[in-house]
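Order of writing sets the chain letters: A, B and C. Residues in each chain are counted from 1.
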């Protein structure tokens, strides 16, 4: 690979006092690749995602987005973050929330980008409703629209399917696959092995801050993987 | 694949976007502003009824009343400014955005400034009305002093509001931390207000004005610098 | 390291805290000298002897705040938890000495000026130091996560140190506006050598006492943090 990986981590580590939340993780994702990240609660998946999003500084090791080091505003500009918390302002409308994100990223055609993002998540018809009046599933869709309005190269998603109904889940999956096809790199943390493996090019299991298993997703037998996973985290 | 041509706003541009967002939220709900306003007006009325006009003249009492009410109602508004960010972790989205951390502080600080000035704009006429004060010619000087003081109160209040937002007893902790810092603002402001209301020219209060200005310069800079350090990194 | 390991270790630590012993001896020596071997001041009489407590306590109060702020500042860049523990210990010891200043001040003022509180410039500044210490400690009590607590404390400490000159200026301007008695300050008095020696002995023994208290308090903080870390690791 002559180009630097789009998402890269080398011996990435982060401690909180004596507790090692992430303890030496290596990641290298090229454009179009998607890493599905599995693991029990407390394994360090959220911390790893926060490190990759530039929300935390590592205590050891390095992380970079396309050779621009994290944390730092230039690297962060290419990232979209989705979490199970919506990160929205519930007094504002969906449109206002997404517009705010678009403005922070300095987009030139703010209104157009906002409309496209809302339509991609199929929430354009409820765009001018205050977020607090929307159902949990719709809020999550607005949150995702907010995360993708600036067409990020890198999408980091921490249990993004939480709260989504079937229609919302389908919209999200097709969005993520479309992003992959367009050359973005994705890291998706999820508890649903099936969903994760369907999206991913690579799959990793994290435990106690480290990757205990790392595979290419194509050719993986989902049933075998699920059984192995249950043993690993038992 | 890269994002469509975008130019990430600089510190002040981003601060302005954030300030607009905060003001939009406050305008939508209005609850903090109305609470602060009601608190000021009620305090002014209580002070009035607790006052013996034969012992103390209106011009002597009013500045103290004015500044005490500004301070406490201002704190109320500032306390709320970070509440919106912790609900559903909206702060994370702000922190992932490619804007400097200082812009978050400046944006929120500016929104709080508008809030405090808004309260002042109503409380001052109310005090003038209730205490029969000869504001008239002193108005311009008064407006200037109120703005300078609002800047000082807001920069410290915003920083401390950010720190206390997620603690227990935040409503009590914010005043305990912030009030000592308000003294070099309130003392000059109240003194200058008293002098202006008594008809003295502004030039006589230059020493106090310089103190207020120095505080603003030093603390706006120090608090802006300190803000990124309050964030988890 | 488990909880039982830590408890056994503290039981074994029965050796004497020599610094504390020396400090208490120094204090005792100071006051024996101050009370019996130093003559009373001409104008103020025996009331003046409280100066040997009041002024050294003030010295320690301001010293401990400066050290708290400094340690916090270093913590922000080095992130060493020992710096934060020291800052915390210095603040807790400092607030006690500040309280001593605020109590002895009025006790000194009353016989001299006839009033308990005269808004003396230095005493007022010390009052604000007290408020800053209390705010600092209340903030620490309200934040449980170690790193966040250290972070916030460092900032409040540094800003507090920045505030002190502004308070001083405010009080100075206030007093020039409202004529007030000026409480005699020790460095203004021409002290005979015997009083100067007692004074410096008091300064020295108070500083030793500060060091002894901070060290003891630091040890408590270190054990508490070790217990917290052990509990976190077990989770």
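Basically, contacts are C-beta pairs under 8 Å (C-beta built on N, C-alpha and C of every residue); 3 or more make two chains touch, one makes a residue touch a chain.
Remember, predicted model here, so these are calculated numbers, not experimental data.
*Asks:* Please categorise the chain-chain contact pattern as a line, ring, star, complete graph or other.
*Replies:* complete
*Asks:* When the mean CA coordinate of each chain is compared with the mean CA coordinate of the whole protein, which chain is closest?
*Replies:* B
*Asks:* Starting from the mean Cα coordinates of chain B and chain C, work out the distance between those two points in Å.
*Replies:* Distance between chain centres, rounded to whole Å: 32 Å.
*Asks:* What is the distance in Å between the mean C-alpha positions of chain A and chain B?
*Replies:* That gives a centre separation of 38 Å.
*Asks:* Roughly how many whole angstrom separate the Cα centroids of chain A and chain C?
*Replies:* Going by mean C-alpha positions, chain A sits 50 Å from chain C.
*Asks:* Scan chain C for residues touching two or more other chains and write them down.
*Replies:* Expected reply: 147.
*Asks:* Using the touch definition from the top, which residues of chain A touch two or more other chains?
*Replies:* Where chain A is concerned, no single residue meets two or more other chains.
*Asks:* At least two other chains touched by the same residue of chain B: list those residues.
*Replies:* 232
*Asks:* For chain B, which residues are in contact with chain A within the complex?
*Replies:* For this pair, the touching residues of chain B are 1-9, 13-14, 17-18, 21, 24-25, 28-29, 84, 87-90, 92-100, 232-233.
*Asks:* Chain A touches which residues of chain C in the complex?
*Replies:* 81, 146-147, 228-230, 232-233, 235
*Asks:* Would you tell me which residues of chain B are touching chain C in their complex?
*Replies:* Result: residues 156, 159, 163-164, 167-170, 173, 176-177, 179-181, 183-184, 187-188, 191, 207-208, 211, 214-215, 218-219, 222-223, 226, 229-230, 232 of chain B touch chain C.
*Asks:* List the residues on chain A that touch chain C in their complex, please.
*Replies:* Listed in rising order, the residues are 16-19, 42.
*Asks:* With touch defined as at the start, can you tell me which chain A residues reach chain B in the complex?
*Replies:* Residues 31, 53-57, 71, 73-74, 76-79, 81, 83, 85-92, 96, 100-101, 103-109, 113, 130, 146, 150-153, 182-184 of chain A touch chain B in their complex.
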